[in-house]
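These are the structures, in structure tokens.
Next come two complexes, and both contain chain A; in the first it sits with chain B, in the second with chain C.
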Partner chain A sequence: MSRIELEGVWKSFGDVEVIKGVDIVVEQGEFAVFVGPSGCGKSTLLRLVAGLESISKGEFRLGGKRMNEVSPDRRGIAMVFQSYALYPHMTVADNIGFALSLKKIPKPEIRKRVEEVAAILRMEDLLARKPVELSGGQRQRVAIGRAIVKRPQVILFDEPLSNLDAMLRVQMRAEIQRLHQEFGSTIIYVTHDQVEALTMAQKIVVLQGGAVAQIGAPMALYKKPENAFVAQFIGSPKMNLLPAQIERAGGDSCVARIGMQAISIPARAGFASGDEIRIGIRPEHIRVSKNGQSDLKSSVALIERLGSETYLHLEAEHEPVVVRIEGDMQADVGDEIGIVFDRVHCHYFNRSGSSVAA
Partner chain B sequence: MAGGATVESAASQRRGNLRAYGILLFISFYCAVPFLWVLVASFDAKPSQFLRWPEDVTFSNYSNLFVNESGMLWLLNSVVVIGIATIIVLVFAGLGGYALSRTRAWWKAPLLYAIILVRIVPPPALIVPVYKVMLTLNDGVNATINAVVSDPSQALFLSRIFSFVDGYLGLILVLAAMQLPLAIWIMKTFFDAIPVDYEEAAALDGASTLQTLRRILLPLALPGLAAAGLFAFISAWGDFLMPLMFTSSPELQTLPLGLFRAFLRIDRIDYGFLTALAVIYTLPAVIAFSFARKFLTRTFSGGVKG
Partner chain C sequence: MVGMTLSYEARKQLYLRLLMAPALLLMAGLIVFPAFYAIALSLTNEALLGFAARDSSFVGLRNFTRLFTDPLFWNSLKVTLIFVIGSAVIGQFAFGLLSALCLRRPIRFKAIFNSIIVLPNAVPEMVVGFIWISMYATGEYGTLNRIVGWFGVEPQQWLFSFPLMAIIIVNTWRGIAFAMILLTSGLESIPKDVYEAAKVDGATDRQIFFRITLPMLMPTIFLYMFVSTVTTFAIFGLVYTLSRGGPANSTEIIGIYIYNQSFTAFQLGYGAAVAVVSLVISMLIGVFYVRALKVKI
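What follows is the complex of A and B.
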């Protein structure tokens, strides 16, 4: 009974509209990630679900019940704050047991449940410490422990890993996924990091300027972005977007012009001569021409060698293009290189940024 | 030659240090002399107005203060009046400072400056209007007491407690009002530094407003309350003008007034009595400080990632 439905939700602070008519459904037990650049409203949306902010317009339902007017503590929702918000004057055990002690649960029972949670999070030896005596990763664990001890239907995570170093982040990512599988709670996880979104989510909600840009499974978003924003936001390095103009349309293929160079692309229903479009292609779907035949001529601006792969930063018609190559490649800055696009993986966006379907 | 230069510079540094410590010692002694004199003279059987080691050490100055004079009454009056005033200041500064810290209302800044303005105006400038207001209120209180209570001795007792002029209540309120602005500012600034995340976490944990206040905010605010309370207590404890203006009965006399009036006695100046009184007058402030110091130095950190 923990299906989350947001229907036509608006939130404004004074005259400033932060959330603009959002419709989102998160199924029971689903791990949903809200992702977007800073200021897109993802944290505000989370606070609306938690009840820390009131909804200006629209409805939030949890398990089919309207929750707009229900106070935060009665929603059955737990939240892990970005700042952790551990009570500094309490020990770890008191922090985790605080919610239970408010419910007047007997002390032995509280101790038992706190110890259970501590065992799950492998921090039995930390229970007597104060937050100031913990490392960042340990504080993070306590914050999660405080959330799960209540056995909530829904757990909200507000950028929980942003204060941790890279290695710890990978470790905690796995830990949170393990907890999700173990408890089966519905999870909404907010992050600005698309890698976190791709690796953890069952469903990703991409937000842009207070509205939903696209909702879908991670690979669906990666492979079929509905607009240029999602195309560039999901995936690292981001998708190349090359401005082009349709020169000739009709038949099975058309000709588009990128700067001074022409490239043939499959015909699309909406294309007409003179249309300005953007051609999107991911770095891994471009290859360097070896036989002299190429779609686009470019020059090498920068080479990043990572051992297992190499990123070529090229410039074609004054536009930056990134190409990913397996292994190493011999090239120097300034070299002229011809590149070939894998047409199957090309995306086409019209002037307003929407994807033009085949 | 380099070794010689090092020895020379070390010697000159030692000389410099010696001079610095000498000057510091002199300044410290100069500052400490009045306190020393008060303390030593209070145990001297024949104290003079100069600092000297007593020929006979005695407690008679203190026993005289508490047995023959009304020292105990003055002390109790001071402790009760300043103590209650400090508690009032803490309650209102805690709640007011919290509200002012958290509100986003447009009138926040103007109100804050208006509050501190009360503190900027020199208290003597406010004496006349405040006295007028208090006198008007006083008439109302006494009329009510006389209407309700018929027994004159009972009426006098109640009037002594609840009167706005020449009563405990008036003095307590005036002293609290004088200390409140600074205390509110201290608490407002203190709450600004406590992230709202704690309260939100408590709300999600299911804490009511009262529970959040008692179990989260109050423990976190203790250092701030200690600072605000200490300033209020010491400042009110040293206040001479307000007790002088708002009390006249000897039964209501507080320590600073007792000290002042003892000094003004025309027959003679009893240094033993005056210094014993001064020591008693100083002690509570020192005790208050050492009590508050424990909280002042206790800072909380580590709850939220900075």
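What follows is the complex of A and C.
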């Protein structure tokens, strides 16, 4: 009943096209995360689903029914806003019960359901307070309570954790996932934080410039990015992308040149001598050479020690390269070190940024 | 050298006090002093004619006891109350709110509508008075009479047949802008996403207005009510130009009554007593708004 389908959806404000022909399907009960940098159109897309903006072209179907012309209040959708958007003049209980009171549900029934929701969100003792008397995390809980009290088919979250501190964010992340398991509503969750996307989503939609860059399960996006944008956006620290030129193609392997240094890479169908490519490799898939043999010589520019791991910021052929090392490592800024790429985890992108398959 | 020894905080305090000094001096000279002078005057039989004019004396509370038995004083209070409620509390507020709500939406010719509403407020009240004298003029050449004439209505003597209503309409017309500007700023302060949340929660436009807009606008509404009640209570020039309190005291609001007692009947002491009572009423209204309705000034 709550399968979401966006088909060829466009949205423009005047001459500015914000959403450019998006096709997305979110299955019933699925937790989908729309992720992308600021201005990629993810919040606009969410507002189109909520009915707060009208679709310029294309179709939005909910449970198979066209929703383009249906007003927000009739879509059976709940939304949690980034700013929480609580009603400041109402108590927490009235905020949560507002949607029910609009439907003229009897007061005892409203009170019962508000108390149920308050128990689920562990805020029974806050019901009589006004929003101004709550902390950021508590306000967020009220906003979520207001959404789930309606028992909606679909819940939309618009960057709900971005105003919380790091610890609360981790806690609320777990809580939202728990609620999803409990209620089974279809969820669309918008964030610019790829960690939130990776940890919460069953399906991630990466958006770039108003279009879909890639849709897939979190690990699929992490392991097999279809383009350089997704490769760099998903994963933290981001994937290293090194510009290279194919020097010799053919056979099982070919040689690519990064600046003045040559590196052998597995042959790919699309490679020809002279091609300019980018070699992508994540920081955790590079190791520091201990026996003098390396793929690339580099110098240490910065060392970040986090205790359990160390990030080496290197410079190789004027390109920045980040390497993640387990534990601590003895090195100093300016040290010359050789690095080795784990070929199994290397990605190759052509000039336009598309992944070149094996 | 003294300045050098003061801390930054103290210098800032001094600077702020210096900035406030001219305003405080003006208020002391033009409001506080006359108020105390009026209180002193109200306890005398000061007059511009007769023996008292040459040789006034202290009469205690005689002016006040006289006042409470004076039917014209009670009449002026009643007229003032109707005038304030009719024009400020109902007329200006209702039209101001309506204009504020309408002009927030993207409508055509918005600038023109805005000007039409704001202009009357920019015109001096005496000029407004003369404009409306021409509007209400008797005979077939009065503007309003010509307009109603198109619908076959006989020429009326507006300021004689409906005097209080006539001045209420003029003051409403003049004051819509103030209400609109204040209420617009109140509406602007309601975050957009609260409306959106209400929409997603399933509220209709009507429900949004009564359950979100109006309650969230209440502090601004009370502030408007406070300012407009007190200023309308003190109106003089507009009504004086239009009707001078007549006919037969039917538009004699308290400002006109004070003027008439002081400068038409030449009883300065008695006029001052009425002025003192009107000051006390204004202050009570102010205290009510600030204390009971928690208006933040």
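Going forward, the second predicted complex is superposed on the first by the 358 of 358 C-alpha atoms of A that agree within 3 Å, B and C clash if a C-alpha of one lies under 4 Å from a C-alpha of the other, contacts with A are read in each partner's own complex, and residues count from 1 in each chain.
Definition applied: a contact is a pair of C-beta atoms (placed from the backbone, for glycine too) under 8 Å apart; a residue touches a chain by one contact, two chains touch by 3 or more.
What you are looking at is a predicted structure, and each value in this text was computed from that prediction instead of being measured.
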Checklist entry - Is this a clash or a fit when chain B and chain C both end up on chain A? => result clash
Checklist entry - Does chain B (first) or chain C (second) touch A:Asn163, or do both, or does neither? => result first
Next on the checklist: For A:Ile187 in the superposed arrangement: first (chain B), second (chain C), both or neither?
Outcome noted: neither
Checklist entry - Between chain B (first) and chain C (second), which does A:Ile339 come into contact with in this model arrangement: first, second, both, or neither? => result neither
Checklist entry - Of the two partner chains, chain B (first) and chain C (second), which one does A:Val321 touch, if any: first, second, both, or neither? => result neither
Checklist entry - Which chain, chain B or chain C, is in touch with more residues of chain A? => result B
Checklist entry - Does chain B (first) or chain C (second) touch A:Tyr87, or do both, or does neither? => result both
Next on the checklist: For A:Arg139, using the defined touch cut-off, is the partner it touches chain B, chain C, both, or neither? Pick first, second, both or neither.
Outcome noted: first
Item to check | Partner chain(s) touched by A:Leu52 [first = chain B, second = chain C, both, neither] | outcome: both
Checklist entry - In the superposed arrangement, does A:Pro131 touch chain B (first), chain C (second), both or neither? => result first
Checklist outcome for this item: Both partners, chain B and chain C, contact chain A at residues 50-52, 71-73, 77-79, 81, 83, 85-89, 98-99, 102-103, 146, 150
Checklist entry - How about chain A: which of its residues touch chain B in the complex? => result 50-52, 71-73, 77-79, 81-89, 98-99, 102-103, 130-134, 136, 139, 146, 150, 163
Item to check | Touch list for chain B against partner chain A, complex | outcome: 195, 197-198, 200-207, 211, 215-216, 219-220, 300-305
Checklist entry - So in the complex, which bits of chain A are touching chain C? => result 50-52, 71-74, 77-79, 81, 83, 85-89, 98-99, 102-103, 146, 150
Checklist outcome for this item: Residue set of chain C touching chain A in the complex reads 191, 193-194, 196-204, 207, 211-212, 215-216, 218
